[in-house]
Amino acid sequence: MEKIKIAVNGYGVIGKRVAEAVTLQEDMELMGIGDVAADWRIKAAAAKGYAVFANTEEGRKAMREKHIPVAGDLDDLLELADLVVDCAPKKFGAQNAEWYKTAGVKFIVQGGEKHETTGHSFSAENNYASALNRESTRVVSCNTTSIVRTLSALKRAGLLNKARGTLLRRATDPWESHKNGIMNTMVPEPEIPSHQGPDAQSVDPELDVVTAAVKVPQTLSHMHYWTVQLTKNASKEEVLEAFGTSTRTAFINMSDDLSANNAVKELMLDLGRPHGDMYEVAIWEDMLKVEGDELYYAYLVDNQAIVIPETIDAIRALTGTESDPQKSITKTNHSLGITQRFI
Amino acid sequence: MEKIKIAVNGYGVIGKRVAEAVTLQEDMELMGIGDVAADWRIKAAAAKGYAVFANTEEGRKAMREKHIPVAGDLDDLLELADLVVDCAPKKFGAQNAEWYKTAGVKFIVQGGEKHETTGHSFSAENNYASALNRESTRVVSCNTTSIVRTLSALKRAGLLNKARGTLLRRATDPWESHKNGIMNTMVPEPEIPSHQGPDAQSVDPELDVVTAAVKVPQTLSHMHYWTVQLTKNASKEEVLEAFGTSTRTAFINMSDDLSANNAVKELMLDLGRPHGDMYEVAIWEDMLKVEGDELYYAYLVDNQAIVIPETIDAIRALTGTESDPQKSITKTNHSLGITQRFI
Amino acid sequence: MEKIKIAVNGYGVIGKRVAEAVTLQEDMELMGIGDVAADWRIKAAAAKGYAVFANTEEGRKAMREKHIPVAGDLDDLLELADLVVDCAPKKFGAQNAEWYKTAGVKFIVQGGEKHETTGHSFSAENNYASALNRESTRVVSCNTTSIVRTLSALKRAGLLNKARGTLLRRATDPWESHKNGIMNTMVPEPEIPSHQGPDAQSVDPELDVVTAAVKVPQTLSHMHYWTVQLTKNASKEEVLEAFGTSTRTAFINMSDDLSANNAVKELMLDLGRPHGDMYEVAIWEDMLKVEGDELYYAYLVDNQAIVIPETIDAIRALTGTESDPQKSITKTNHSLGITQRFI
Amino acid sequence: MEKIKIAVNGYGVIGKRVAEAVTLQEDMELMGIGDVAADWRIKAAAAKGYAVFANTEEGRKAMREKHIPVAGDLDDLLELADLVVDCAPKKFGAQNAEWYKTAGVKFIVQGGEKHETTGHSFSAENNYASALNRESTRVVSCNTTSIVRTLSALKRAGLLNKARGTLLRRATDPWESHKNGIMNTMVPEPEIPSHQGPDAQSVDPELDVVTAAVKVPQTLSHMHYWTVQLTKNASKEEVLEAFGTSTRTAFINMSDDLSANNAVKELMLDLGRPHGDMYEVAIWEDMLKVEGDELYYAYLVDNQAIVIPETIDAIRALTGTESDPQKSITKTNHSLGITQRFI
């Protein structure tokens, strides 16, 4: 079987993880990465053996000065690829999309872009089928992915009436926490509802979900607190079973001393996960509470990692190489070691 | 008129603020403070001219070595006082209560103690009258005070059906942030519901309130996010008017760049508040949203300061020196510069 | 006696403190403040009764929309003043200087500007006399002020050979820590020596001083560690006595549990200092160590406050209203409560 | 060849890394780990296939309740081993030493213990030979290891006269930063000189080194700033060459945007290092400065990882299985991917 040829444009937090995940898929091949920088990140990419393409003339010059081998420019990279995963910073995805269309290559943009950029928003367990053979899709953002995963599970079980969530967001990513952090404060998003609720509805318009969000001074992961109005009185077991239908949702427990997001991060590192990545939504099982027809729970979202398996599935959907959602999800989960029980 | 003679036992975050607030009341007199330490905090108290009493023989010895004048022991202090405000650390209030009873002095304990310690839990705007001439009461904790203030206001307006809140707690107080902080993490309370909901019901059993709480790595204040099921469809104006009935609730606005709790703290300092204290619950006015019969809002709670006016009112209630709640509240508000509009 | 008429241009961290300090001087009068913003900070200034001038037409419009009374523009303000203290952000001081010259008003710029902007760099205890009746001067930055104060003291005692310092800098100021902080990291200045050593020499070229600097994720104050090669073997007493000759250097002690900069900040608040400001360099007395002809010590620098008394003295020097450095320093110290022993 | 049988007692930050490093050595075999806890950390160890031994009856019970298979108790583990690496918390190493002696097994303790516990302090590049066939040694702490590595290199090159360092210490380790951190502050060690200088002299008494230390609120690594009095005027090249003689010292550069310790941590993760570990002392090459006979530089110390290669070498030294220091060091370096140039 011929492998799907993948280009990754933008080698940041998401780009480097997508690139690595692609190399772990039996049905995919990484043709190279495109970027404009020439710092340690790109040097490390070259050191890993990735073909590096310079998106700008300035970038090419800088790379050469740093002795980074340059394989070509962005057009060269696109020519090699069946599909490009755009992982450029927020502002650039939409304009890159025009470039990709012109080049005639299928593409995936990140959740920082608007739904309109591709006209389709993707979350594997919810709407894989609707992305089959499309020219492009948008993998929704980390927070939205976690919302769709968990609420879709409750919806499938017929339990979801409406959900109200408070999202505690990591303030910045570890690699750039020397540049744009917040210190000894909390920064609310100025508006309630915040954008994540409507964003979840771009995947599934039936979800009745309202969110508020606030940045807190830590870099590890997001934490969500939810109050869900169920359709009926339910038992904790019913709810756990519902969440269990998502293969990318795992339970953690306070009783194991997994009592804060730094401990969960360390567990991921102890388990040998690259970068300590957690692809799963980690729901606190023993903290979860059902009272009558109300459900309360909290979970962690690894904002750097959770969209990686979704992106891999989106590749298969767009290229039509796997029409069965469950088969793609299973392949992806296996390649990344995704599990529903960490220990 | 004879002034109410007040002792403050425990000169920490709360004790020092109560002591200072007492000195600002025309109808009260600070007889002294009791403590066991002899560090810079007690030296600063002595430098302010407060009479310092040593609660232990060891403490008395340490104070003398540090050249802090010692006015006597705890019994000496209680003998001078009509009422003692207990501000000792969490574990000690209940056992101190026995001491106070034996000494025949009225007393107030802090929210860290159980309701049973005094059999009465106090929040001025809700239940001042029920504390009149009692021997003792418990001023509920900072978080609970804010909950009772705001939900009581909605209740008075006939708007409150049920309230669900997520509480982002400051991890430790600034003066001891070199000892017991958290770093680059978030620490959920292990159980949902957290204790603040039931605690609010110790003041007002009619409140239908459920809370979840999480510690975040900052020292400035707590931040609460609420989803309230109203009794009916309402306008934003109706809700603002309801909150306006609490004289200890103030509005702040994102449009003034008061966009995070560090900015609000700086405003308090700019306004000349001692320690930058904010006695009011600061509700974001422009962030607050009403959608049909659902209300969403967030506010800040200065955990070091919010209970101070409550304590002053509790003194008047217990000693029966002011039987009209509104008159006591007005006196207290005036003495501390409490306002409903900061700028 | 006629008071010196002062304008403050730029109402940020330094500007607001200079404005307040000016109001505390018997021989000075605050004519108003100039700024371009219309946020809570300017609202608070107006609430304090300061005359507010709009530096730009856009600013004037914004102020009016926010109902802030506008007293005029920058030219109007300068016309009222004998001297303007420029407290604008780093990039603007030099260009404002041209404006002030044109307006024919004496001026002071902050340490963020270059020495060349005024041709004179000021530190009261070192070179007050050389600033007498000048048209302008630059009050050196917080770090440099602390270096000049302490090393000048050792120099006066004939003890200073050479000094090598490591400067741990606060990463940002509290009021803007939601915008440009660093998180869970340390950021070295890219070059050793850092600029503070040469900057100290702009005040006193005889100082043999080399510095390295690094930002750490806290907002409270800078901390300096010094290794000094003395001119001879000395006793700890001799060194303490030398530092004691600076009236703006105070001793603190670990034995009082003043064991971290958060504790020292809280002490300043307990002492009733506005904003918890510390104008003094706080040297740890019991940590200071002399071994033979080597001296080791550490101290704290309140980066928001330390230059305020220097600025007040610089006003008297430039206007020639006090020719005796010691008399100006004493007046300033008294007005601000500056002390050599906090408790 | 028979493999050296290793027990690891204490499965914390150091213990888990020693265990994993042992499994990477061709000449060593991990017999199991001993601990008293039964939380996620031990569950993860069991999940990795390590034999788990319970050091206490209580621990055994807890492990069983958590369904962790228990291979025996500490005596059982020691019976299987030629050498035990003690990685218990600070207070326990000395008393465990007695246990090991009684059991007749060679042992290594960590730098948290006193030199007297074993009578020998180990740093591979400095004194491997002196540890040959000893019954026990102490691998010095992370900070001390970095000091001995770097100053020994200068000493070997005949350049070292005396060194004065300021050590910025991480406040706590990531896995427990929810328990005992510091926030928005800096905490100096109360005494100068701090203990690291004398500790370096326990390995090499000839080093003239004085240190001061301060905790800063981050969890990633220590950062050292040094001022070295050289024996003569030297060039930067001579100094770089001297450091280059340590195979466990690597250069990093600001010009690669490796401008803070979070960036360096991310690079280690990008390079696929387990836990993002950095075994090398990372010296900023372009920041390093020589002025006449004075040298200034800064470097990073990964406090969780730097002692791991030292421990592996110490195992070979004590067991006498490799008498040539360089051969052991080379084997260890190769197994762990230690390098002098990361990118």
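Per-chain numbering from 1; labels A, B, C and D assigned in written order.
Keep in mind that, in the parts below, a contact is a pair of C-beta atoms (placed from the backbone, for glycine too) under 8 Å apart; a residue touches a chain by one contact, two chains touch by 3 or more.
Computed from a predicted model, the values in this text were never measured in an experiment.
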**Prompt:** If you tally contacting C-beta pairs, which pair wins, B-D or A-B?
**Reply:** A-B
**Request:** Among all other chains, pick the one whose mean CA position is farthest from the mean CA position of chain C.
**Result:** A
**Between chain B and chain A, distance of the C-alpha-averaged centres to the nearest whole Å** = 42
**Complete:** Taking each chain's mean CA coordinate, chain B and chain C are separated, in whole Å, by 36
**Message:** Using mean CA coordinates as chain centres, what's the gap between chain B and chain D in Å?
**Reply:** 47
**Request:** Send over the residues of chain B in touch with two or more other chains.
**Result:** 174, 177-178, 182-185, 187, 217-219, 259-260, 262-263
**Message:** Give the list of chain A residues in touch with chain B in this complex.
**Reply:** 164, 166, 168, 182, 184-188, 190-193, 210, 212, 214, 216-220, 223, 225, 227, 254, 259-263, 284, 286-289, 291, 294, 296-298
**Message:** For a test of understanding, state which residues of chain A touch chain D in their complex under the given definition.
**Reply:** 16, 39-41, 43-45, 47-48, 66, 174-178, 183-184, 256-260, 262-263, 265-267, 269-272, 274-276, 343
**Item:** chain C residues touching chain A - in the complex, by the definition given at the top
**Value:** 171-172, 174, 177-185, 187, 217-219
